[in-house]
Amino acid sequence: MSLLTLSGVAGGYGDVDIVTGINMHVDAREIVTIAGTNGAGKSTLIKAVMGYLPRLSGRIEFDGHDLRSLSTEKRAGIGISYVPQVRNIFSTLTVLENLQVVEKVADSRKRIAEMFDMFPALASRRRTQAGNLSGGERQQLAFARALMSSPRLILLDEPSAALSPALTELVFAEVRKLPATGAAVLMVEQRARQALAFSDRGYILDSGKIVLTDTGSALLANEKMAELYLGSKPVEPVQAS
Amino acid sequence: MSLLSVKNLSARFGAFTAFDGVDIELAKGSLTGLIGTNGAGKSTLFSAITGYITPSSGEVKFDGHDMLPLSIEKRVEKGLSRTFQVPREFSRLSVFQNLMAAPPNQAGESLAKLFITPGRVRRQEAELAERADSMLQFLNLARVADTPAGSLSGGQKKLLELGRLLMLEPSCIMLDEPFAGVNPVLVEELSQRIVELNQRGITLLIIEHDLASLSRLVPRLYAMDRGRIIAEGKPSEVLADPRVREAYMGGVI
Amino acid sequence: AEAFRLGALNSITGAGGAYGPGMLEAIQIAVAEVNAAGGAAGRQFELFAEDDQTKPDAAVLAVKKLVEINRVEAVVGIWPSSVQLATLPITNAANVPSFNVCGAPELETLDDKDLVFQFYASNKVIGAVFAEVAKKRGFKNPAVLAYNNATMVAQAENFRSTWEAGGGEVADFIVYEPNQTSYRTELDRALSKNPDILVLSSYTPDVTIILKEWYQSGYDCKLISPGWSITQAVADALGPEVSAQATTISNVPASSTEAYKAFHEAFVARTGRQPEMFATAAYDMVIVLALAIELAGASAKGTEISAKIRNVTNAPGNKVSTFAEGLAALKRGEEIDYEGASSPLEFGEAGQTTPAFGIFGFEDNKLALQEVMTLKS
Amino acid sequence: MDWINITNAAINGIVLGLLLALPALAVTLVFGIARFPHAAVGDYMTFGAYTAILVQSFMSASLVAAALIASAATAFLSLFFYAWVFRSLSQRSPVSSLIASIGVAFAVRSVITFFAGQSQYVIEAPLVRAWNFSGVRILPTDLYVAATAVLALAAVFFMLHFTAFGRRMRAVADNPELAAASGIRVREVMITLSVIVGAFCGLGGMLMGFKAVVLPELGWELILPIFASVILGGIGSPVGAVCGMILFGISQEIASLYVGASYKLVLAFVVLLLVLLIRPQGMFGKIIAVR
Amino acid sequence: MEFYLIAISISVLIYMLMASGLSLQYGFTGLVNFGYVGFFAIGAYTSGLLSLQGVPLPVSFLAAMLLAGALAYPLGIITLRLGGDYLAIITLGFSETVRILLMKEDWLTRGVHGVPGLPRVFDDWAGVSSGDLTLLLLLLVVNIAVFALIAYLVRSPFGRIIASIRDNEVAVRALGKNPAAFKTRSLMLGSALAGLAGAFQAHYVTFIAPEQFVPLITFYVWIAIIVGGPNRILGIVVGTIILLTFLEGSRFMRDFVGGVSEVQLASVRFFIIGMALICTILYRPNGLFPDKFSKGK
């Protein structure tokens, strides 16, 4: 049985549905990537799982729970964590407090130390108000905050945006390690080529509908689709001289 | 001849130094990239140049004028403007109106002219509307032209932010990560557009982490690390610089 | 005959809220009394009440409603000068008499039709009486604290001018903003001049705080205030040590008139509370109006009624102290002089009263009349 | 003006400031966490004061009992309005909540006047005279009032800055959606906030009634200085609210020695304006960088 | 009867004029002006005092508008550099300052005694009651003109900029436009309207005193525009009418409610106003006439 299942999900913010007819699933210890054009509804879909959409129909199940009957904090409580695309940190809290604030962490101190090991830039700025962090530093903090609670499913909305290549690599490497810790990952990425390369499966979204789904490598191999949604193959910027 | 010249610029927040002794020269009509580790101080540098923070020392000259005493608006009037890394849309205005708000010197912004020369105001509006429409087409935002900008997706907001700046048509544009969160297909189109702008004589300075797209786009790069410029030159040279590779790419590539 | 439509315009809410409700109840008592006696000139009184919110703009609408919709033929019960000043053009234009307890001197000049009557001493007079009393009791160095509104400031200023005209000097003169939670700084300032008496031109709420703080400060001096401010209720709240120092002045020669005794009894029976001065004056308004109507006849309107007011209140004439008494006397064709519950009610040229004043003190924490004073105006 | 007068005025300012710091803290917490200026705090205070009167006339003359019951009852009132009104407004513009809170203020006050009328009440307590230190006067009752206020304030400060709950509160203030995603029970935080707001206003109102007299407009009249001080201190900053209120109190009282009592409010505003011109974010406010 | 209706309508229209100005400031520009009544007071006193000096009413009305507008200028310059919440409190302080000045500077304003006996607008040739009717018509015309003005303004580029400012001031600066300059203009325009309304009020009530200009009036105007919808002209109209219906209509309650004292009745009135406020906000989130873009969730 899948860890997360969406069946016939439709929803939006006002009168019109932003996403419609979504059937999608994430198995335990799986990495799933969602890609698609801007405004396709990727973030909307993730928000639906987290319980932020004012209007929603269809079924969303997580580990046997009917998610729609749970509040956002309950969803967090049963092991879902989330990195939003925007406003993903508490900007008036310090870096340290951003991590401390996560509920239900077994050994908070140890976990925070692990996060600071992972992102040394954060460690050196632990007493800074998070709102003053740089774009990339925020992104690291948001990612670290989501990892704090050792979730079973982690929802990432463009975790690599604003990250330098080195940090993108670092974050992706961490994502790859997650299944081993028992977590599944559902992420939205614009750097989809990079992400799909290590994803088990992928979905491509356009105008609120799933237009294609397959394993990560198969999607990358589908030249036509890739051209349409993933951009041309990157030319390596630097040839090692 | 250099249009923007930044000399020995530093900014501090209490004990923390955001950047220190930065020198940047942008020739008129040049197209330049600025890369750097996260937290290197790039966005803060932009803020200092455009007037959102006061640097602790140094000099910013634009077109021969000393910029530091000027307010943000005055700097924009002189032709220097920027986008924000975190988009700042007019959330309750429609996407179309967001674009219409940008162009400078609109007659209809003056109460007097509104009543004395209504005809001129109307003509100008019509012209601007045309430009805004084609901008919407270009940014793939035509579909959402009439929705309030606050309900755009993250990527769409970035595009709108860029579009608004393009409507402003300043002589020097500073873009803060214009490609982050933008679909790769569109990134290619945006790059194209940036080249066109540059060919029309507009000077650009672009912060970007998408090195592949950036190095294809710009002939010259600055690299920053921990508040200092550590390299400058052709992209291939800069990216080959061991210090840059060490700091920026962690030797990953 | 057709009922006489009477408007009551009271300050039920707002700054006058401490007095307006009592005034309305007094009016209702008087109306009942008039009706029980068979009405004025055979006309029963029908009462229409409005709240002016102690605000002139609200009062304008209220009085428009009274005049236009309820078609009242007289308005009674107006408390603040601001309301009387704002409604006067409307009532005068509609030929409707209006009775108030205001003390603003402008009223005397603005009222071109002699429709406006003041049932309470004007500020000028009260201020002068204060000075008179203070002098008589041998005080040398008064300090004044006045609530910042038209009535209180005028009163305080008249105290000062009378006092200074008598050769005295005022130690300090402080006009304070109302609605504060502490007046200690103002009070400290006044006390630092070592006054032997504090002249308080104030209302109940602020005077309660001031007295509390005055007592707590430990400073020893006497106090004088208008009767509506240091009331029995204030004495009950603060105790004899405070009230023993206070002298109050009002134009109720309490217990001394029949009218007051009767009214007092009716008011206590109805409300369980003691009437204060303005309520007493409001009661008189209705009685005086009814007597004037009786004299002017059932069909009399506006100015015809108001023209008779002095006939029923001013000397000479047989003194009467209830409506029924007056009615009977008028029916007999006698001249009458209504001795009101609030004062003997002698109206001057401009519709102002020149009452006798009662000087009160507190004995064993109970309000007691000490002397009666008349002032030649 | 000699120094004795000035000292007395300053003492008075401090006591008043401390007393009003209770509702000011409530305002600043709501401002910081629920993101709107809560105009009903004044009438919550009034409610507290009337509850104290009620307790005194029907239950016990004890001031402590009156204070406790007044706080509890007002906390309940505040909770009620949170549950009914402000909870559903949390997603909307602050002005909606502000206007709704004015509605709440009117409703509370009108219920009070309906039952208690317009006339004044006095909280019964024996009158005591001040200790006189060669002209500088200190009232024992003022000391109790100030001590109560300081205790209550200290409790909240401890909670805000030294407990996980305080952090949670600030997280909700910052970004409620993300707080929920971090497993914080936002509802619980808001409920606690309402209880604190109510209890503080109730206590503040009772103390105010104790110092002054109890009237239906008691609290409403205080809204202006309270808000001014909250802003002076830096919106959303608890330390700021308390310091702002005390500064405001002192400057008002001392000002009235010089410019005359009527202008003291004006002077207080001038102080406010000057502070804001020098520090646009208020005394303790923080600015976050533009990016 | 009809004269009472005329009186009510005049009050409605005076409030509507104020509501228009405030909605220009808040609804369209996002300026939270809590000192609105201060400008109303300035208008009332300016016109009132000038007219007593024999200045013809059209001139004194104009002066009221200009002075109220002009006084908004320094206030704007000083405070518009500060954020929204600060403007609210500073303006509130401003209106209280105005009120205290009116109260204390009696050489000019007669202080707390107020200024009685102001000339009525149309007394000379129309008598009191038909004068009111003429005044009503004049106010109607003025209101319609103001609506037309607002409608034109908000659709113009000027309107676009003030709306942008309401949404995001920093971004407006990034476009090289000085928000303070635009906000000041909006503040001045709105305040001039308050001044005009004040002049009308003064010569309609014929008596002005500082106590008429308390902050409660500001709140009333706020209530009107919030209930109606702050950036729709229809909202202004309906909001004002509803406000006055509640304020005035409740007078007639006495004719139906028995068994309660006057004080209690006043409380009931007040209670209804409070409840109406809460309920419109709760159940009509964006006023009766919402802005087409603001979605109440």
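Read from first to last, the chains carry the letters A, B, C, D and E; within each, the first residue is number 1.
The rule is simple: contacts are C-beta pairs under 8 Å (C-beta built on N, C-alpha and C of every residue); 3 or more make two chains touch, one makes a residue touch a chain.
This one's a predicted model, so the numbers in the text were calculated from it and none came from an experiment.
Peer 1: Just to be sure I understand the contacts, which chains border both chain D and chain C?
Peer 2: Touches both chain C and chain D: E.
Peer 1: Could you pull out the chain whose C-alpha mean position is farthest off from that of chain A?
Peer 2: C
Peer 1: If you tally contacting C-beta pairs, which pair wins, B-E or A-B?
Peer 2: A-B
Peer 1: What is the chain whose Cα centroid lies farthest from the Cα centroid of chain B?
Peer 2: Centroid comparison gives C as the farthest chain from chain B.
Peer 1: Nearest whole angstrom, what separates the Cα centre of chain B from the Cα centre of chain C?
Peer 2: 74
Peer 1: Please report how many Å separate the Cα centroid of chain C from that of chain E, as a whole number.
Peer 2: 35
Peer 1: CA centre of chain A versus CA centre of chain D: separation in Å?
Peer 2: Distance between chain centres, rounded to whole Å: 43 Å.
Peer 1: Hey, what residues on chain A touch two or more of the other chains?
Peer 2: In chain A, 13-14, 132, 134-135 touch at least two other chains.
Peer 1: Scan chain D for residues touching two or more other chains and write them down.
Peer 2: Residue numbers touching two or more other chains: 113, 117-118, 260, 262, 265, 289-291.
Peer 1: Can you list the residues of chain E that touch 2 or more other chains?
Peer 2: In chain E, the residues touching two or more other chains are 100, 103, 170, 263, 266, 270, 294, 297.
Peer 1: Can you list the residues on chain D that touch chain C in the complex?
Peer 2: Within the complex, chain D touches chain C at residues 2, 4-5, 8-9, 12-13, 16, 113, 117-120, 122, 124, 127-130, 132, 137, 139, 141, 208, 211-213, 215-218, 221-222, 253, 256-257, 260-262, 264-265.
Peer 1: Under the definition above, what is the set of chain A residues touching chain D in their complex?
Peer 2: Against chain D, the touching part of chain A is residues 50-52, 71-73, 75-77, 81-82, 84, 87-93, 97, 100-104, 129, 131-132, 134-135, 145, 149.
Peer 1: Under the definition above, what is the set of chain C residues touching chain E in their complex?
Peer 2: Residues 10, 12-13, 15, 17, 20-21, 24, 49-51, 53-58, 60-62, 64-65, 67-69, 81-82, 85-86, 88-90, 93, 104, 106, 110, 148-150, 153-154, 177 of chain C touch chain E in their complex.
Peer 1: Given the complex with chain B, which residues does chain E contribute to the contact?
Peer 2: 152-153, 156-158, 160-161, 163-164, 166-168, 170-178, 182, 185, 189, 291, 293-294
Peer 1: Please output the residues of chain D touching chain A within their complex, sorted ascending.
Peer 2: These residues of chain D touch chain A: 164, 167-168, 170-171, 173-175, 177-186, 286, 288-289, 291.
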